[in-house]
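Both complexes shown next keep subunit A, but they swap its partner, so subunit B is in the first and subunit C is in the second.
This part shows the complex of A and B:
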């Protein structure tokens, strides 16, 4: 059942809509990897474009750790552009005049889908740490129920970067018959020790904040803003490359001619990081941050398949394109290539591109023409094979005259 | 004037001594880069070996951010081995049977040298944030006063890794006539934007802890343990390489067969990091951490010399050896090579070695035989040129029969 509807157009002049919400798991509860069950949970999502008559042009975009469903609308809380406006819209790489693009907020999130900040129906209070720990698979299972609800049997494409890419891999592995093409970007088949370590720092920063209140801050009318800001700052460094920080900020001072011999933000990079922390806490829930980072830590696709990653994709009919960025040290090319090798081992249809970029992990969110050209080519080719007519020859971002 | 003396022998069976302390700046106060003046400040230091008759065999070891003067004694608070036991001792690379090794706790530190946790004589209370912000140059100026006190005109060698290497570069630049040879290890001539960013995360973690009390925690009987632990955890990740974390921990679980679907330390790497945080706060002062990271952020040797690093070393008589490690991403080879290029530009006597290691930045503290061989060779060669007789042909760590 769809509530709170009103389709968004994806146009920049459209005022932000509250988005769609649907309640799922009402007849059969969703069984999670942990063994817990969720019934009557909400999934909030945005759509762009129109579903065609044979329901074959649907694209699922899976968002990253701190992303949400507002990929091509202004964000309803910050007013900022959607996080993938570069890619999604009329005439763009994910052309909303050709495709029906769906982006749900993930299970455990904080933008309308059920997560630790929502009300636990059994207690009438926010879930907090009583919310069950979820996995990437659980997120994907919830998305599959959403597609059932929308009457979409098979996705033309599932794509996403970072944690979104993990969901793409799970989609192709768990529901190969429901995915025509898969485009995981800047991701990994399992979270590395270093990445677990960075997540643990963020979680410890949140939990060290007395206003976290053992996870019960909403009931106590508090918010662990300081801890969450520190977590965000630490994580944000990992999203950028050393070179991009050097080019963007170097050692330049912030609105001063010389250092102050104090602990103010003398350097531009300090001021920038503080700003990242401060603005993040306005839109994100601290417990969601704990749950989502945990889901990423737990992600290990090979481990679920007898320690052999290729087993996750045996006999897959899905056509893949895997993308990495040269300066991404969070999910470096080697991690992405590991996915390609596994797909090669089962003779899957896979292409791979390492994009030269100095922008680090965040390159998938930014203006990277080569990246846009490569994925545009893959999507166009897949669309032809899928029999989606009117394949666009436009360059990314360009409109027909 | 030397107080609280009692020379330590560097032998492992010697019980830890409280170390030497000397009060400096009693006649003429030390003028800091900030313009503030420090008078009657204490420097705590350890020595190993004996000064020879012509006072030509002194080696100054400069410690890193969280190091201290106990480089070859058990640490008096933790009981752990000294931080450079691999390198310093009888028959070792810094052979205490040949050289007189001095290691002072830096200005701003928390192991006996004056820093923010010591008593401000003007108020009778701990300095806290009233302590003046210090720079790497200030640390070196204080060390020069210590050498005056010890009657050492010229050092045979000054060495150190990481922030210790920054002090080495300042020594060679500020007091070239007092340095015969300089061995900066795994360091940089200026702190990068990424490194400033990581430091800022650590400082924000400390300052976000309500027990920091605006820097006044000692007077208020509190300690910002949680914030300081988070700062240490974030920093510790940067000391290791991605590969060393992978080899050391990978995704192995901590004393359990499967994940717990909770927020305990399921993974070994989480447990390890938490341990690093917990043990660090027992021995380190949070305000010292703020001051020392700030000194590192401010370090930019070229900036002090008209933007041209080579100007820092023009006409230098010092012979240099610069060392980097392949997997060090905190002070990568490129940063070290920048120092070598500047020295080449002024036709200085410099050798450079990039050591292949998977151990990351911390490699300079660990058992890296190739590293030990290279610096042993450099030191032996320099000793011959300095006319220090009895140059050792022993392999590092070996003793004569």
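This part shows the complex of A and C:
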């Protein structure tokens, strides 16, 4: 069913992606929202911990726009720690000694799951812009097929931040019987005009790079690194709060005593953003960035349910916990509260906490003890209701009261 | 919390409220604080319990303890809930802090088939003494705030509350008063007595 080190076709300089890969949609193709069909597509995923005998302890983690499946082990390309090492691991909030944690690379991604940089079997060339436009629902449908393949009927928990949270909401809406508890973090039920606007800046930066070659850069042996780096720089600003930028950099200069009266990176914040841009292009595919940002822009859960968000959750048996952060201006508390109000309107079982943090949208990835305490309490409470025996305790000091 | 400490932790007024709630029912606790009552109801009355709490500290404590609680404001957020979503809606020591207590009370009985409401009695003789004889706003163990920093903006007496229930067509199924030593009395027809000596009132209400 799964193999290690499946082949990646992204180009001669891309090593095979480690971890599990499975080919899905071979018998029945996956029908996408756009009407296109995908058959025989690959999903790459990582797992942590082990599935219990009655297959009731599985947790699906949905990653964000530029995340991937390597949430709790070193990234194969950058060597950096997994993006959710704060949360996932033995004795941590998502305790891998207790739960079976699955994290797949999303459809359209570029870490082994089928996306625009993979080979289109019909042409033998990279998909490029021939890849069909995908949606958040399509990502979730592909994940559901993965769970079928793994023999997991119901997830104990689905969680994720940002775009991961959008997938969590879709999961609860599309497959309520397959989700026991849902923990969407720092997210929204739809993309706002401001969200779309920022994404459009990023896409235009990529497409304005001559090396993008109309989306055909892989065949041309080029990479639109400059455009993708600018897209990343603009987006990165939205992940941080004004206060965190101020505290981190202020107006401090980069290795110099005074400004140079030129356009080098005089300020530390410039140098930092350039670094963010340069390191990002090493691991991310520009067309993937276009497709995934588009999927987020198209996301509007209420629109699919007659314009009433509550209809997405009518009679839901799922236990929800929604989390927002005070300084997150990308998916602010109001957007998260809108989800809570919709859940209240159908008398769903929901918790909602706004965590005080100055770290902006990225707070969900960082060391935020209060956030960890709250979600740990929610998960423990849900586990008790699910009848998952054994309890998990955080380290002393992080322990729930 | 161990079951033992839960039993010990609950205050007399919370015990009275708990006694009014049927085991296994659906309960919404409005202004649930750190979740003491909700936790007790969930574990000892097996209710399907939810809470709303304004303070971040309260919400975080509740959710950390595995309770289903949302950060929200009863003055604005009750309107989202559908009719008869709960068997009981509890408003414990919170009515006096509402901007629109009358609307809140109406929402309680729209959302819940029954409501349990408790509040400090501003008609208690000590309150009257402080105001009438000493000419000062009362500050006590039960009402520990100075006038300038109190969250309590809509005090009422037990009698005021009974009058409002009549105006809104609310039936009082049970009414109890508690004195400061924890002594409980049925209010019944002794409204004058209860209004003078009751430290707080605890009411079980239904619409119609």
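Methods note: the second predicted complex is superposed on the first by the 381 of 401 C-alpha atoms of A that agree within 3 Å, B and C clash if a C-alpha of one lies under 4 Å from a C-alpha of the other, contacts with A are read in each partner's own complex, and residues count from 1 in each chain.
As a convention for this text, a residue touches a chain if its C-beta (ideal position, glycine included) is under 8 Å from a C-beta of that chain, and two chains touch if they have at least 3 such contacts.
Predicted model, so just to flag it, every value in this text is computed and none were measured.
By the touch criterion defined above, A:319 lies against subunit C but remains apart from subunit B after alignment on the C-alpha atoms of chain A. Once the two complexes are overlaid on the shared chain, A:102 sits clear of subunit B and of subunit C alike. More residues of subunit A lie in touch with B than with the remaining chain of the pair subunit B and subunit C. In the superposed pair of complexes, A:269 makes contact with subunit B only, with no contact to subunit C. Residue contacts after overlaying the shared chain place A:340 against subunit C, while subunit B stays out of touching range. Residue overlap on subunit A between the subunit B contacts of one complex and the subunit C contacts of the other is empty. Every residue of subunit A that touches subunit C in the complex is listed here, in rising order: 319, 321-322, 337, 340-341, 344-347, 349-356, 370, 373-374, 376-378, 380-382, 384, 400-401. Here subunit B touches subunit A in the complex through residues 33-36, 129, 132-133, 190-194, 196-198, 200-201, 203-205, 207-210, 226-227, 229-230, 233-234, 237, 240, 242, 245-246, 248-251, 259, 261-263, 265-267, 269-270, 273-274, 277, 290, 294, 297-298, 300, 303, 329, going by the rule given at the top. Per the touch definition, subunit C reaches subunit A in the complex via residues 48, 50, 56, 59-72, 77, 80-82, 85-86.
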